[in-house]
Amino acid sequence: MSFWEYANPKKFMQTSGIFLPWFAGLAIVVFVVGLVWGFFFTPEAENFGTSVKIIFVHVPAAMIAINAWLMMLVTSLVWLVRRHHVSALAAKAAAPIGMTMTLIALFTGAIWGQPMWGTYWAWDPRLTSFLVLFLFYLGYIALWEAIDNPDTAADLTSVLCLVGSVFAVLSRYAVNFWNQGLHQGASLSMDKQEHVADAYSNPLYVCIAAFILLFIALVLMRTRTEIRARRLKALQARERAA
Amino acid sequence: MIAILIRDLRLGLRSGGGFGLGLAFFLIVVVLVPFGVGPQSALLAKIAPGILWVGALLACLLSLDRIFALDFEDGSLDLLATAPVPLEGVVAMKALAHWLTTGLPLTIAAPFLGVLLNMPDQGFGWLVLTLAIGTPALSFIGTFGAALTVGLKRGGLLLSLLVLPLYVPTLIFGAEALRRGAEGMAANTPLLMLAGITAGVVALLPFVAAATIRINLR
Amino acid sequence: MDMNVSNLACARGGIVILEGVSFTLSAGQILILRGPNGIGKTTMLRTLAGLQPAVEGDVSLSLDHLTYGAHADGLKSTLTVTENLNFWAKVYGVSDITPALSAFNLHDLKDRLAHNLSAGQKRRLGLARLLVTGRKIWALDEPTVSLDVASVQLFADAVHAHCAAGGAALIATHIDLGLKADVLDLGPFKAKPRDLGGFDEAFE
């Protein structure tokens, strides 16, 4: 029994149907635990106040935003090499989730940035990279929407995802380089993890787990929807042909 | 292969639009900026490198959708794909033709527009140099974008959406090299990065774009 | 030099529309493809031309021997007749375009911009392109659309001359071209509906 068996749509539907409720339920439970712990049972930071607690949403969302693109990269490669439809549809399903997570990371970052740095937005390398990542998500989703033939759309978006990944990494380096030249950006782009006190790190891990579970549940759900939509399309095509 | 280059150049020159339009657009962008930010020479001199690079990039974007769309509509692309020339070569020649009719004129015109923006004297050499090195990358990346959207109706807007994020590294290194050069700082690092991007893009993207076109013609 | 097609299946938009198509095209032969609209004549020609992959089946011929003539002529309206033809001649490594101009009676028009040609004249120019490819097998899709009677005759003569010189032609058309040709009706090869999307197993 090979792993690739789950690339069969029918097999995937059966298996994911069993797992989906568990992932969804677990995500809710872990979310409640993580957020309640994070918001109500951690000390307030002496100089940042309550606002620092947005970290429990901000950091996991940012992690998912990047990793969703990585997942799309892998599934796109699987589609191009092995032509498994479920893989292509999973990439399609993950894109809007990744885009939403990018938006959440940007917005919570802005809300947090105001009390901490005195500004909602700075052209800090990290913020800028996320904005560029958001643009990549936009383009990817728009390309999926624009093409009628599903196989062509899967091929072209996969190619875009591969080329886009290379350019996204390039952009990250370019942006780092670019801001260094302008002003000292280091104080803004401090690595949040390193500055987090121990009291925060444990609930943060729980929240990260919750976001990962949520991501898995949402991707499964959306992939199932895409598969159903494709079945419907196939049925309609068959009816027209008959 | 040369025949394809000559044909595309001839088409670009004859149809009038593509060739002059990009230059005119570049001029207009550069003229509009002082209206927007005010006429202080010091301020204009400071932002001139960025304005010139962004203007050149947008002017380049204008004519991208013509690279393949016209050939797709009149059936030439089908015939070129079945002709005894590698499609990768066709793509590379078309990108080169786009650069010769867009990037090169922009590079040549840029110093004159630099005068309008009160560029510092030592910046002019850097302006021509960075644009000469960077605009081929813009044409080749744009050709890939055009290949992605070739079969689509109203692909133009989508093309911009797809291509602009891909332009980010080129723009950053190009404008940064020019800015440093204009301010008399060492600009070797961004210039080398810019050259690296151009070299990589020119070498690799024609293969990706040709594969993309085959998918689109299918 | 024969082209053997065996058990070919072609798809359009992810749905198989033709299956089990087999025929042989030998030197000097003209084969007319017939069948109602939408049966898949264009799809099959595009598959043979290598523009789209065959779903199954074999074609025993290198693509280097075939040239494809589509609905669209692939003309550039801002180039003259000569420039258009010269371009394709160069692409195919042929130097002389005079025979092509003569065969389709284009000498008087040779310095006109393609933009200023009538629909029939454009079509003649598009067909003249076939003569500068130097390819043995012509795969043509509705070649005589918008041609008048005299031009259809020019076309028929060109095809006959081509076949007499050892070439062959595969022509999808609805009208009688006055050619000495064999006919292949695609009607019996219409595929039973099946989905190519890999979702067959979803319906079990």
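When the chains are written out, they are named A, B and C in that same order, and each has its own residue count from 1.
Throughout what follows, a residue touches a chain if its C-beta (ideal position, glycine included) is under 8 Å from a C-beta of that chain, and two chains touch if they have at least 3 such contacts.
Just so you know, these numbers come straight off a predicted model, no measurement behind them.
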| item | value |
| --- | --- |
| Which of B-C and A-C has more C-beta pairs touching across its chains | B-C |
| Central chain (distance from its CA mean to the mean of all protein CA atoms) | B |
| Chain separated most widely from chain B, comparing mean CA positions | C |
| Geometric centre distance via CA averages, chain B-chain A, whole Å | 32 |
| Separation of chain B from chain C, taking each centre as the mean of its C-alpha atoms, in whole Å | 37 |
| Mean-CA-position distance for chain C and chain A (Å) | 48 |
| Per-residue multi-chain contacts in chain B, two or more chains | 218 |
| Set of chain C residues in contact with two or more other chains | none |
| Interfacial residue positions of chain B with respect to chain A in the complex | 144, 148-149, 151-152, 155, 158, 161-162, 164-166, 168-169, 172-173, 176, 179-180, 189-190, 193, 197, 205, 208, 211-212, 215-216, 218 |
| Interfacial residue positions of chain A with respect to chain C in the complex | 8-10, 13, 83-85, 149-151, 227, 230-231, 234, 237-238, 241-242 |
| Parts of chain C lying in touch with chain A, wherever the complex brings them together | 13-15, 17, 193, 195-199, 201-204 |
| Contact set on chain B toward chain C in their complex | 2-4, 7, 10-11, 14-15, 71, 73-76, 78-85, 217-218 |
| Chain A - residues contacting chain B, complex | 132, 135-136, 138-139, 142-143, 146-147, 152, 155-156, 159-160, 163-164, 167-168, 170-171, 173-175, 177-178, 181 |
